[in-house]
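Listed next: structures, encoded as C-alpha cells.
Note that chain A is present in both complexes that follow, paired respectively with chain B and with chain C.
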Partner chain A sequence: MSDGRGLLKAMLLPGATFVLFLILWQIAVEYGIAPITVASPSRIAATVIREWDILWFHMEPTLLTAIMGYLAAAVTALCLGFLVYSMRRIESSVLTVGAVLDSIPIIAVAPILIIWMGLSLSTRITITAVICLFPMLISVIQGLNTQPKNAQELFTVLAAGPVQKFRLLALPNALPYIFVGLKIAAPLAVLGALVAEWTGAEWGLGVFMINAMFGLRVDQLWSAVFLACAMSTGAYGLVCLFEYLSVEPGQNPDGGKS
Partner chain B sequence: MSGLSVAGVSKNFEIDGRRFEALSNIDLSLDAGAFGALIGPSGCGKSTLLRLVADIMAPTEGTIAIGGLPPSRARKEHHIGFVFQDPTLLPWRTVLENVRLPLEVAGAKASPGNATPLDLIKLVGLSGFEHAKPAQLSGGMQQRAAIARALVLSPRILLLDEPFGALDEISRHRMNLELLRIWAETRTTALMVTHSIQEAVFMADKIYVLAARPGRIVDTVEVEMERPRRLSQMNAPAFTSAVERVRASLFGDRLGMLNDE
Partner chain C sequence: MTIAGQNPIQITLVRLVNYAAFLVILFLMWAAAIRLFSIPPYLLPGPEAALEALYANAGTIWAAARFTIGCTLAGMAISVTVAIALALAFLLSDGLSRALMPLIIVIRTVPMIAIAPLIIVIFGRGPWNSIGMVALLTFFQIMLGAKKGFTSPTRNTLEMMHTCGAGFWQTLIKVRVPFAIPYIFTGLRIASGSALLCAMFAEWLSGAPGLGALILNAYSAGNFTLMWATTLCSTTAAYLFFTFTIALERFVLNRIG
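What follows is the complex of A and B.
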C-alpha cells in the first residue's frame, strides 16, 4: 500500500489534468468558442449553490432509489451466489438467465416493468436492481468458486462442516472478487435510478433533467448532470472505502505470497 | 503402541478414462512418537500417501490406522495435524487467529492439550508476531505459524508435505532443527515428505524410500543416531552410511553407470 505521500503524488497528475480541463472549459465558454448550450464550470457551481434546495429535493428520491436498488441487487446476488456455491450444477443456468436479462437494454426493460408493476418507487428500485445485478452476480459466483486447493484441503483435514467452510473460507476469500462487482455496479445504480425516473416519476434528478431539457434551462440541466456525476463517483468511492476497510491488501489465501 | 500403520494400501486414479496406479501395495509402520520420512522422485505418490493418511483421499485398497483409528475417524476427531508445502495461512487473519482456526472449527473452547495457541506461537518462535498478518511475515515465519496451527489440537499424528521446500538451504536447516525441537516437546508421531536425502536422514528415525510408476516402497532405512540431533552429526559415520543407503535405493545401479561413463 502507498502511504499518504505516495497517494498525494499519485493524485497530483490526474488532479492537475482535471483542473486544467476545467480552466480550458471556462475559457472556451467565456470567449464564445463553446456553443451557448454549454454552461461554464463557474455557472454550474453558482447554480448548484443558488438552487441547492430544489436540487436536493430532487436528488433525495434518486439517491433513495439508487441505494435501495443497489442493496436489493447485492442481496439477490449473494443469495444466488450461495445457491450456486452449494449446487455447482446450476451455475450455467443461473449465469445464462443473468446474461439474457442483462442483454435486454435497460431502456427496454423499464416500460415492461412499468406495465407490470405500475409507476411506483418499487418499480424504479427494481429497474435499478436489474441493471446492477449481473456484474455483482458474476463476481460473487466467481469469487465463491475460486478457492485455493490447499486451503480447501486444510478445511477438509480440520473436518470443517459446509457452513464453516462457507463462513471461514469461501466468503472471506471471495471478498476481493465481490468488491469488483460492487464497484462496477455502484455507478450503474445511479444510472438505473435516473433511467427509471425518465420513464416516469414525479420527483427525482431524472425528472428534473427532463424538465430542464424541455424548458431549455441550460444551467439547471448542467448542474443536474454535475450532481449525477458526483453521485456516481461518490458511490464508487464509498464502495472503495468499504473495500479498503474489509479486504486485506494483496489478499491471497495460498500462503499470502503476493 | 503403533503411531501409524499402513497395510497393503493402493491408490488408483482415472485420467482420461485410463487407469493409473499412483500407489501400489504400501506397507508402513511407525511407533507412537516416532519420526518417519518419505523420500522419492517426483510422481512417486509420496504426497498422495500423506493425503490418504490425512483422509483427504480414500485408498483404493488396504487399511490405514492412526493410533488404532481409521483415518476418517481420526480426522473427524481432530487427531491429524497437516503442514502443507505452502503455509496456507488465511491472509485476512492474524497469526494468532490462524493458529486458533482449528479450535474454532472444532468448537473447542480451549486447547485439548496443555499448550494454548499463545504457548504454541512461543514454541515456534513467533512471540511478538501474534497480531501480524501473514503477508507481513517471511516464508519461514509463515511456515512456523502453519506448524503451530497443525499442533494446536494436540494431534496424534503430524503430517508434513515438504514443509520447507520453498526455503533456502540455510533457513531450511534452521527450520528442521526447530521442527525437531517442537516435535520432541509435543511427543507426537510425525511423517514428513521430503526431496532431500540429507534432510530425511537428519530428521527421521525411519525412512521409506519410494520409486515411481507405480509408487511403491523400495527400501526402509532405520537411522540409528541419538537425539536430540545436532548439525555436527551430519559428519558421523551413522549419518553418512544412512545417506549412502538411501541414495543407493533411490538410484539403484544407475549411479554406478553414470560414474563409469
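What follows is the complex of A and C.
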C-alpha cells in the first residue's frame, strides 16, 4: 500500500464507516433515542463555528501550557538520560523513582503542587511536564541502552569524551526509540494542560469545559471536548511528521510504529 | 512470558515486601526532609501526622476505597467482556476489522480522561460514570491485546486443526483462546495500573463518594493530613491492583502450562 491509490482505497472503508457513524449519531439525537446530554454532530460543528472566537480565546493558553510542559519534560528526560548514560549505576534508581512518581495519582499531585507553587502558569506547566515525563524517560533510557557494540568500541578507542559519545553516537542511535516516547507523550501533554486547568485557572479549554459541564451547556461541552480531542490527535500527528522527517526509514526499532 | 515458573503467591509476596521497604525508606526520607529544611506542616505534614490521619479516618477512607475499587473492578469486567467480544468479531469478519481498526487507531491518540466531563453528563454523578471511565480507558488496550492474541497461532497450528477437521469454534477454543491468554493479560496488566487512578479521576470531577472526591474534599477543607493519608492509600491500592493482576496472570499461565 505504498502508492497513493492503495492508501486511498484503504481509507475508503473506514471513512465510510465514520460517515455512517455520524449519520446514526445524528439520527439517534434527533429522534430522542440518545440521552438529552448528547449533542448531535451538526450541533457540535455549528457551535464550534459560531463560538470560534471564544473557543480560540480559551484554546490559546491550553496550547501554550501543553507545548511548554511537553518541551520541559523532553529536556528533563534528555538530561536524566544523559546522567544515566554517563553513570550506569543510577539507572535502576532513576527508573524506580520515575515509576513511583508516575503511579502517584496526578490529582493528588496537582493540589500539592498548587500548595507549593500557587495558582500560576508555571504550576500548570509543571503538572503537564510531570504527566509527560515518564514515557519519555523510559524511551530515552531504552534508546540509549541499545547501542551498536562495534561503534561503542570505536568511540572508546578514539578516546571520545562522554559528551562527544552522547552527542555523536548515543543520541542519533536512540532517536527512533525517543520518538516512541515523544509520540506517546504528545496527547498526554494536551491532557496534562487540561487537567492542570481543571485544578484551577482563569482561562483555558479545561476551564471552559468544566464550566460547560457544571452549567449543563451540552453543545459547548461537546465542542470543547471535540477540540481537545482534535488537539491531541493533531499533536500526535505532528510528532509523527517530525519522526518521518528526521528518522531514516528502516531505522525504526521493532514495535516502534504504534 | 514474564517471570516464568514462579508461583503467584511468591510473586505477590516479593512485590509486597519491596513495596513495604520502599514505603519505609520514603517515610524516613520524608521525615528527614521535614526536619532538615524545617518545612511547616501546612506545606507538607510529616509522615507520622499522615499515618495518624489514616488511623483516625480509617472508616471514611475505607468506605471511599471500597467504592473506588468496586467501580474499577466493574469497569474492568465490562471492558474485558466487550473487548474480547469485539476482538472475536474482528476475527470473524475481515471487512469489519478493515473498517474499524483505522478509526480505533485514531481514537487511541485521544487521552480518555479528556472526555471525562462528557461521561459525567451522560452517566450522571453516581458510580456509573467511574465505571464508564474505567471501561473506556482500559478497553482499547485489552481489545488490541486480545486481537493480537487471537491471530497469534502459527499457520502450521491452524492448518493442523483444519486437517483434523476442526471447525471455527473448535479451533477457537482449543487453539486461539489459549494462545490469546498471555496477550490479553499483557493488555490487562498495562490497563490495571491506570484503571484505579482513572476511576479516581472520574470521582474527582463528578464528586461521587470515592477516593478521588475524598482527596479533593480534604484539599478544599484544608485538611492536608487527610489528603496525604488518602493519597498514600490510593497509591497503595493502585500498586496492589497491579500486583494482583500480575499474580492472577501467573496463576492462569501456570495452569494452562
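Quick note on the criterion: the second predicted complex is superposed on the first by the 231 of 258 C-alpha atoms of A that agree within 3 Å, B and C clash if a C-alpha of one lies under 4 Å from a C-alpha of the other, contacts with A are read in each partner's own complex, and residues count from 1 in each chain.
The definition used in the following text is that contacts are C-beta pairs under 8 Å (C-beta built on N, C-alpha and C of every residue); 3 or more make two chains touch, one makes a residue touch a chain.
As the structure is a computational prediction, the values presented were derived from the model and not from experiment.
> Name the contact category of A:168: first (chain B only), second (chain C only), both, or neither.
first
> Of chain B and chain C, which one contacts the greater number of residues in chain A?
Comparing chain B with chain C, the partner touching more chain A residues is C.
> Report for A:194: first if it touches chain B alone, second if chain C alone, otherwise both or neither.
Touch status of A:194: second partner only.
> Have a look at where A:100 lands relative to chain B and chain C in the superposition and call it first, second, both or neither.
Second partner only.
> Determine, under the contact definition given at the top, whether A:13 touches first (chain B), second (chain C), both, or neither.
A:13 contacts chain C only, not chain B.
> Which partner chains sit in contact with A:153 here, chain B, chain C, both or neither? Use first/second/both/neither.
Touch status of A:153: first partner only.
> Could you pull out which chain C residues touch chain A in their complex?
22, 42-44, 95, 98-103, 106, 109-111, 113-115, 117-118, 120-122, 193, 197, 200-201, 204-205, 212, 215-216, 219, 224, 227, 230-231, 234-235, 238-239, 242
> List the residues on chain A that touch chain B in their complex, please.
Residues 148, 150-151, 153-160, 164, 168-169, 172-173, 175, 247-258.
> Would you mind writing out the residues of chain B in touch with chain A in their complex?
51, 54-56, 75-76, 78, 80, 82, 84-92, 101-102, 104-106, 133-135, 137, 139, 142
> List the residues on chain A that touch chain C in their complex, please.
My answer: residues 10-11, 13-14, 16-18, 35, 37-38, 96, 100, 103-108, 111-112, 115-116, 187-188, 190-191, 194-195, 198, 209-210, 212-213, 216, 218, 221-222, 225, 228-229, 232-233, 236-237.
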